[in-house]
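In the two complexes below, chain A is the common chain; its partner is chain B in one and chain C in the other.
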Partner chain A sequence: MTTRLRLQELLGPILLVVAFSYAVGLQSAQGLLIVQSTLALFVMVLALHVFVGNSGVLSFGHGAFAMFGAFASGIVTTPSNIKEHSLQLQHLYPFLVNLNLGMYPSLVLAILAGAIVAGLSGLLLMRLNGLAAGIATFALLGVAYNIFFNNNRIGPGSQALLALPPFQFFEEPVVLTVIVMLAVYLFGISRAGRTLRATREDPLAAPALGISIMRVRWIAFTLSGAIAGLGGAMFAHVAGTVQVQDYYLPYTFMTLSMLIIGGGASLWGATVGTLLVTGIGQILLMMEQQKPILGIVVHLPNGTRAIVIALSLVVMLLWRSDGVTKGREFKLGMPKLRK
Partner chain B sequence: MTLFEVKDLRAGYGKVDVLFGVSLTASKGELIGIVGPNGAGKSTLFGAIVGTVGMRGGSVFLDGEDISGKRPEDIVRLGLSLVPEGRQIFGGLSVIENLTLGLTGRRDKHGEKGALERVHDLFPVLTTHRDHQAGMLSGGQQQQLAIARALVADPRVLLLDEPSLGLSPTVVKDVFDRLIAIAESGTAVVIVEQRAHLVTRLAERTHVLRAGKMQATLTKEDAADEAKLAAAYFGNSGE
Partner chain C sequence: MIQAILDAVSLGGVYALAALGLGLVFGVMRLVNFAHAELITVASYTLVMTHQFPLLVSIIFSVVVASLMALIMELVAYRRLRGSNPATMLIVSFGVSVLLQKVYELVFGALPRSASVATWMTGAFTVGGVSITTASVVTIVLAVVILLAMGYLVERTKLGLQLRAAASDFQTARLLGVRSNRLIASAFVISGALAAVVAFVNVVGNPQVDPRFGLDITILALVGIVVGGMNSLRGSALGGFIVGAVLSLLNVILGNGRVYAYSWMFVIVIVILLVRPGGILSKFATKERV
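Right, the complex of A and B next:
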């Protein structure tokens, strides 16, 4: 009844993502890799936006859902003959050795894995607020890390799962990302999404209206877990490999930075943050590698990229905690970087 | 017939007791006032009734059903809504989004459209500002929105905590006229107010809450009696 689709709020971010994908991805093999890995990270940022951005509750645990998604998709798409003969997979459960699915069924499995883990853990975690929630979700990430790192019955343990099939067509991750953007936007304007934002704005007033904070947070947490599962699987298929370390602290830090720098409360903020951090990160990486930028070579020491992103995060939290977009959705004529 | 009854309610925070056996009743269509000085326990009373402050004893009945200790969201669904002090509207959301959130507490989901139409009739200014950000409304308009948001849940009992707070006298009169209309439509309305004159003049009964206890009950006629009002409000000294 009151759900109002503001087309430009959805089309603005989608057009930016599609334009970025085609402008960079069709340039070179390196450009294609940058686009595909950025889109996989962006899906994870969207997952964080659904929960963290809308509820205001910080989560360090979404890497766990990405981990479950990546390993679920990875293990069923790795060819059986490789699973049989790979040294790091010799202890795998036999049914996993023989289980083979195509790319898309495996992505559905990743979504389900993320949703189930988030749904079950959310039954407990959604009772927490503030610092307690942050620490508890971090503990969840630690638990997931240790499950995959130490258990070689369900994966390669501390080793890498190799030979994952890549996306066949350039458009596949682009289309998947656009579908996720649409789902995330529709959730944001749904009653559940608005209710969740209301609980962020005033958690004391919400129960007085008959709103169960735990219930709306749980719905968002589960949905974001599903999206994180997909993001993790996409990341795995882009890289062609899954290793538990890939979804741990740097991954969590990077995706949270993208969300916070862009502005966690909006789809536009998640989009701008991801592309901004990717763009700056790539420029700094080229400088670290002494590659010429517009014919000029600037040498920066290794690690500069991570330091700059970390400092940007601190600066944003200090002076513009709602991100460069101020948490607003895209609107034609809006000065995006206005102070 | 009594629709709403608070019986010997005791509540507090941590080691501090605030309410010491408070009782009151309200029937369908009645407007009941509760007045008292700062720190008397007025907001604690409402908090305990709606489940946001833990009760330490006593009972709350809604239409004969004991709702003591139920969760706030369940109490709203049973038909008891609170307009909290300071209004607590969601300033970042639009007027219509605020109203939609109020629908969460409805028992009858089919009547949502009608409920929104009724509050738009009662508060036409909300129709004018339908898509405006609620935080940009004036104080009086925000108060109307807060009341409307509670009303769309179709409450049988409506509690209002300091509805006149921060409003000019003209706006206060306007708000209270609407509250009288709401009571006349059959909803039991219970108002907590510091402005004793205002509520005593309009309410069927006005209870004086002081130091966590109901100290006196005033009638409409008492509104004109300054000395009696002051004595009830401040205690026997009248200071």
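Right, the complex of A and C next:
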């Protein structure tokens, strides 16, 4: 009971992401930064899509997994001599001071961290439905924030971890993102993914067919926790620094907006949403900085960007709550007329 | 010790008021209004901006502004969402909340605005050798008076009857002739007014108003209505009170570990939700029926 793999559904989004990366990223140093941070956010959006999109259960808690991923990867890639001497890390556990890993082992660690935290908390959280689930995942984010903000034995506390190694090559985040997209798509068409969507469509009929809602949700939650861990770590390495506030409410809001604006139920929706929000954000940023767009300078006051993004989320939900793509996968050509 | 209990009761009272505001709106339209935070914030800004006026005038101003803002939210955004999935409405209100925060940032600046409001409340007095802060006593009195007034409104008036009816079964209430638009609008207006009271107490305690001023209290009040039971107004207020009081007591009990008070609080919430998804006051685990 799997869905047929339709190559265009997979290749369409991948080609768009790769094309975007090369078209923007190779232009300038600033373009490179835009591409890398967009990809890092996109991985997080994909994580949300795996769980929220497929299960229909809201999660505000994924920022917690991103936090764990980012700090796990950040702490082990910060060189020991920096950890010994920097003021904000003086209370760190000694084994963390001495632990040094390369970029890729640290990303594996981030994925594991995200998966473990999601898997354990999921055992409890997946029992809940609807609003209770939304509030409980919010509580999870609150706990993670509270712990990382105050505990300076496992991280920098309220301070920032500085001097994280960046990605060496332009292609690295691109390849990582494509791998995640592949995994997300394969999960979507797998038996578990399909069953999960069945529980989303009808939470009463699905158990009647012998589906354990808790079990399929838990699988998706754990997988999406792993991806969120990777997304958080990528975000940290692209920025070169990690601070607990970076993964709190604005981050949660931004990534959820991207998913919902695009259409949470499909890979194509997650892709379109991320690129659309990034594109609009960049254009508005250029307007705020009074840079010419196609030769025209429009001046906007600072802060307009955030307002427009929040406004477009609200308008999008009021106007079309399934997002731009209506949650459909990518398809070439004209839509067929239904009989 | 007495001061600790008074603090717990007064914080509990404030959170009960905030939770009641959220619970009213949730009752009539299943909306968890995250943007309640921005109602508290705008009322606080109003208090600070009008501090040169007599206190009563400035409080009336803030009540009016917050109620108007609540009404606008309902007319512009939430009205179109009636009957949609609660999760969708929650995200919309999250969006409205961020939107308003950014608007405040543009209008008032990101840095805190401050002014001394009701300075007579910041002192302390001694009763039988025990020093007691004025603020805690005033807060308790205020909370009790308003909770009693709300109790009267909800239990004894026609509007209250309609609110209770709508909270337990909105469809049936409509069929029996409750005017939904008017009822929902009045729930929003009352929640705005309650937000203004919460704002007043908070501004007296901490007159540094920034665009995120109302956020923390709203998050905890949200937790409160979930804990108490979202389907009854009494449950909301009780839940809010419990959250505030427990948090205040945790701060005393945990000593040096008090920075983790929030974590303990949230863990308690998750456990309560697992045991009683419908809240403390729910008699049975409610399950949505087809």
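We adopt the following convention: the second predicted complex is superposed on the first by the 330 of 339 C-alpha atoms of A that agree within 3 Å, B and C clash if a C-alpha of one lies under 4 Å from a C-alpha of the other, contacts with A are read in each partner's own complex, and residues count from 1 in each chain.
Going forward, a residue touches a chain if its C-beta (ideal position, glycine included) is under 8 Å from a C-beta of that chain, and two chains touch if they have at least 3 such contacts.
All figures in this text were calculated on a predicted structure; none of them were measured in a lab.
Superposition of the two structures on chain A leaves chain B and chain C fitting side by side, clash-free.
Of the two partner chains, neither chain B nor chain C is touched by A:M181.
Contacts of A:L209 after superposition on the shared chain: chain B is touched, whereas chain C is not.
Looking at the shared chain after the overlay, A:L125 reaches chain C, while chain B stays out of its contact range. Once the two structures are overlaid on chain A, chain A sits at the apex of an angle of 80° toward chain B and chain C, using CA centres and rounding to a multiple of 10.
Chain A is touched at more residues by one of its partners, and among chain B and chain C that partner is C.
Once chain A of one complex is fitted onto chain A of the other, the partner contacts of A:V242 are absent, as it touches neither chain B nor chain C. Smallest inter-chain Cα distance, chain B versus chain C, after superposition on the shared chain: 8 Å. Comparing the two complexes, residues 204 of chain A contact chain B in one case and chain C in the other. Chain A makes touch with chain C in their complex at residues 56-58, 124-125, 127-132, 134-136, 138-140, 142-143, 146-147, 149-150, 204, 249-250, 253, 256-257, 260, 301-304, 306-307, 310-311, 313-314, 317-318, 321. Here chain B touches chain A in the complex through residues 50-52, 71-73, 76-77, 81-82, 84, 88-93, 96-97, 99-102, 104-106, 112-113, 116, 149-150, 153, going by the rule given at the top. Residue ranges on chain A touching chain B, taken from their complex, read 1-2, 191, 194-195, 197-198, 201-202, 204-212.
Contacts from chain C toward chain A in the complex involve residues 32, 77, 80-81, 84, 86-88, 90-92, 94-96, 98-99, 102-103, 105-106, 215, 219, 222-223, 226, 230, 259-260, 262-263, 266-267, 269-270, 273-274, 277, 288, 290.
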